[in-house]
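In what comes next, chain A is part of two complexes: it sits with chain B in the first one and with chain C in the second one.
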Partner chain A sequence: MEHSSLAGRIFRGVALTLILIFFMFPIVWIFLMSFQTNEQILRIPPRILFEPTLANYEALISGQLRTAAGNLQISFMRNLFNSVVLSSAAVLLALLLGVPAAYAFARFKFRLGESIAFTLLSFRFAPPLLVLLPLSLYYQELGLNDTYFGIVWVYQLIALPLILWIVRGYFEDISPDIEHAYRLAGHSWREAFTRIAVPLAGPGIAAAGLLSFIFCWNNFVFALILASADKQPVTVGALAFVTASGIQYGQIAAAIVLSVTPTLLLALYAQRYLVEGLSLGAVKG
Partner chain B sequence: MDMLELRGIDKVYRSRGKEPVHAVRALDMAVEKGEIVALLGSSGCGKTSTLRMIAGFEDVSAGSIALGGRRIHELPPARRKVAMAFEGYSLYPPLTVRENIAFALKSAQLPRAEVTRRVDEIARLVEIEDILDSYPRAISGGQQQRVSLARALVRDADLYLLDEPMGQLEPQLRAVLRGRIKSLLAERGMTAIFVTHDQTEASALADRIAVMEGGVLQQFASEKELKGRPANLFVASFIGEPPMNLLDAEVMRSDSGFRLSVGTDMRFDIAGAGLDVEAAKTLAATPQVRIGIRPQKIVVGTGDVRVKVVSNQWLGDQSHVAGDCGGRMLIAVTPGRVAARPGEIVSFALEPRHLHIFGGDGTCIRHAEGA
Partner chain C sequence: MSMVQLLQTNAQATPAKPRPRVRLLPYLLSLPALLVCVAILVPFVTAAVYSLQRYRLNLPHLRGFIGAGNYIDFLSDPAFWNTFRVSITYTVVTVVLELLLGLGIALLLRRPTRFHNAVSIMLLLPLMTAPAIAALMWKLMTNPSFGILSYLVGLFGVTDFKWASDPSSALFTVVLVDVWVYTPFIMILLLAGLRSLPRQPFEAAALDGVPASFVFFRITLPMLAPYIITASLFRLLDSIQQFDIIYAMTQGGPGDRLMVFQVQAYLEFFQYTNVGRSAALLMILWLITNILSNIFIKNWLRLRARAHGHT
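Right, the complex of A and B next:
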């Protein structure tokens, strides 16, 4: 790096800037849109400079959507809350079930072990709609339709295979002898799992948790079909912005900014754990 | 009293769709208190499986293990009172070297001063005082191995299991550590079993050596006995450097006992009077035997076996002379230099009293005398 010429450095800088603009543009544009009124957004040609307004955020937070056709009630904050509850609960449940299962698949060879692991992975192959039709019938019979629990359960189709397969790989990378050494020092099998295996696989668990959180957060069809208004997450709730008097671009942009924020914060928080354990490879000596 | 007793141990690894692997067969072994035992053998001979069964990471397929009078083969590893140094070191990555070594002592709730004292002492012994505050990933393989060794030896256990404890160390350090560890074990009366494929290490560290091959314990004896009185052909050819010379011989009755002829080039008369009854009977019933003689027992420059020199190496303290005798290779080791070039004819003296005689199944019929 130090030996590169001035021209090279300039070129690299320009190239990086271009790539950054290319990838960041949609997000930056949405961010800018969220501070504009619908008229400002739809103006041709579009302008970078405008008078910012907080009206979109106000409308979302207060739940009053003012359109040309009159006032509309929207429950965006409720949707956001639902998204947080559903995704967190789904990921927590998947971690509770998936991490021990991943450990079992990594450490023990048992009858049908590979088949079970593959079956769990195959949940990801099936088109969600195909699964949903029979499922919604069953849910109605079982009374699980339009309950948090029911949706969290369906989200396991997304989160569980992901966590299971990512974390399994991390467990397989840890030498079982580290746990053996710990157990010889007078600890039980369970302690070796919670005190040695899980912390060492921590980065993998964090990565898998984060990924499955993002997938759950962005899920649309499951909640669209299985949840009614008061249980809907933001992905479904955003449909409310398509109103009789047109599409509320400003509010959609604000909604996107608000709904991206929790995931972004979680990712920033989890990053610490993601980096922390990358030195794990040194164990193999 | 026997500290450790293995009885009829079998280990079979079964995996679906594959032939079961019989790793250890009918292993009987008793280790006395304070004894240091080496499990010696080539890769895949079952030595590490045996160690792991004692530690409790592998179930025994059959048989029983008793340690200090307790039957331990059904106990979880935590309750066996066994310490182990792993071949792959297996240090706890998030802990420093000092914390790694102190780990088990802290779990046992020893006073802090005592823990520090013992860690420092063992660290001095294996020469890792200067890396006590480093993390495992920051130190070399050899250092990790010593930490792993220290972590095992610092504990109070009934039995210490060391899996290839010095494989990664430089030769000089290895020699120094062997001496120190041996005196530490002896001083504290610690019972230890270690796995190695290095004969020198086995001889230097162990009181007795268990030679394993194909999952079967071939012989369990002191180094001297393994060399002088090998139980079978495998031990005879496995122990000793360079390996024992082995030749096919025909057995014939003679006036005074037996005559063993190797082709037309060599003849050995074994006096019947020198053989015990059993050996004489077996020998009389075996037309074909294998005879073995240690390279160190062949005298170069005298005798009636004429060989064509193939190679003659001076190793600084001894000469290895390899000679061809009617298509059979003989190696002789002599303490001095030998003035013979490849292609020249020299004489080797092989005395009948130095011959080991092995039967068709490989078991030893007669050992060399004076061993």
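Right, the complex of A and C next:
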């Protein structure tokens, strides 16, 4: 197995270097760009060394963008706020709906349970527009169009299958004997659930929550269809911002950095659970 | 008297709980999740009905049932076949590239050294970037006037390379972004698979002096197959539905060069307000993904059983 020959080592070193450059360079480059003025960005040839400026971030945070054509109002902070609200609410709702169901599916074998679990799983792989387009018409009639609740509800398409299947796996891994013993001591199933099962599956539930937060945050198409400007998360907002600001490249880069930083930090924090989350609980890291 | 026996006698002393409540319990617990299912199935069924109608938002009075009319129209519609061809090309190219690259990287990082683990964590960052935002990043880097990549290819004498805005290189550019975002997905699954393989076959092969290529094709690949199949099907299912990267990059353009299923359906709905046609297009996509996802779920369940130790 060990490639200890010199040629092998050199090959591995070169290959890993190229791979790291390909995957890391875009992130590093956009990060550097976000600290440059438009003049610095437009310079040919591009320079790695430059006088950094915080002007792009100041413009985004204050919401005032000075352009040649005059002052432009931007609401990128609003988008950031929306992303936080939408993703957190979606995950909370998914945990509330998903954890009891996951427990039921893990502990009781019943046909309806399997049907629900697999229907939700198959939703994860159905074209989202198939549900979204008719839903946007329904939402208009119901007055749910462009409401936080309407968007959070649809985010269950992402969050619920993930939470259900990962948490179910954690419950299945806990021996039911502990709960049986606790129940036999005269405690109700609700006590067994809240005092035994949920705490034991705690790390799994937390990981599933974090991961679904990341996936909700990164979602684009749901809010593109269901939200207007003041409800849009960063993914949709950043695209609109590009169209509106035109050639303010430094601010676009800064907006990108602000949009991805939360998920990248969360991902680093939860990286131990990422494999499990990405495979919906089928592969353990 | 053991603890369990003690608990048992204790339980006998207290009156048994009525049985029906316990049988109802799983249904009560899963009721909210069932509700979500139903709430999502309603628009799904609606879409199926729309696909059988002549239904344009701008011409509501013409609305009516036309059976398979929308589907039959597709057969003779070059725009539909373009969509079909572009989607399949995009899917096959991205998945094959990501699989080869992801497998290669996973093999390089196989030994769990601290350096390898650090690299594999760093490579996860593109995957955790929102695909729509990733497309914007690459848009900035491929900008013709200041993009670093335009500058770099210029150094190699390739001037006037227009990336996503030229029909001849548009597919290449979005595939590049897709590969950047999703290769780590394959890599991380295969790496977990590789590291979970039993050691004995490899040790035996090393003792017998079996050549590395034989070990790879006859031991590593077959043992890794369930992971490769699950990871590829996962990506196939997502890739054939790709929307974010293509929409954020070119909105399906230039012309109809990148008009994949969901982008086409989105434009049919919002630009041409042709609900019936849009729904029919999505139903065809759903049919494809449904076949794929049935195969996927079988393989996925097998891996899941292995991870939870009840094979």
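FYI, the second predicted complex is superposed on the first by the 229 of 285 C-alpha atoms of A that agree within 3 Å, B and C clash if a C-alpha of one lies under 4 Å from a C-alpha of the other, contacts with A are read in each partner's own complex, and residues count from 1 in each chain.
Everything that follows uses one rule, which is that a contact is a pair of C-beta atoms (placed from the backbone, for glycine too) under 8 Å apart; a residue touches a chain by one contact, two chains touch by 3 or more.
If you're wondering where the values come from, they're calculated on a predicted model, not measured in any experiment.
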| item | value |
| --- | --- |
| Broader residue contact with chain A after superposition on the shared chain, chain B or chain C | C |
| Partner chain(s) touched by A:I178 [first = chain B, second = chain C, both, neither] | first |
| Partner chain(s) touched by A:L120 [first = chain B, second = chain C, both, neither] | second |
| Partner chain(s) touched by A:G186 [first = chain B, second = chain C, both, neither] | both |
| Partner chain(s) touched by A:I196 [first = chain B, second = chain C, both, neither] | first |
| First, second, both or neither for A:G150, with chain B first and chain C second | neither |
| Touching partner for A:P26 - first (chain B), second (chain C), both, neither | second |
| Which of chain B and chain C A:L135 touches, first, second, both or neither | second |
| Chain B/chain C common contact set on chain A | 181, 183-186, 188-189, 279-280, 282-285 |
| Residue ranges of chain A touching chain C (in the complex, touch as defined) | 1, 12, 15-16, 19-20, 22-24, 26-27, 29-30, 33, 41-46, 96-98, 100-101, 103-105, 107-108, 110, 112-113, 116, 118-123, 125-135, 137-138, 153, 156-157, 160, 164, 169, 172-173, 181, 183-186, 188-189, 214, 217-221, 224-225, 234-236, 238-239, 242, 249, 252-253, 256, 259-260, 263-264, 266-268, 271, 274-275, 278-285 |
| Contact set on chain A toward chain B in their complex | 109, 111, 175-178, 180-189, 196, 199-200, 279-280, 282-285 |
| Residues of chain C defined as touching chain A within the complex | 3-4, 7-8, 10-11, 14, 17, 22, 25-27, 29-30, 32-37, 39-44, 46-47, 50, 104-105, 108, 111, 119, 121-134, 136-141, 143, 145-146, 148, 151, 180, 183-185, 188-189, 192-193, 196, 202, 206, 215, 227, 230-231, 234, 237-238, 241, 243-244, 247-248, 261-262, 265-266, 269, 275, 278-279, 282-283, 285-286, 289-290, 292-293, 296-297, 300-301, 303-304, 307-308 |
| Sites on chain B touched by chain A in the complex | 15-16, 55-57, 76-80, 82-84, 86-94, 103-104, 107-108, 136-137, 141, 144, 151, 155 |
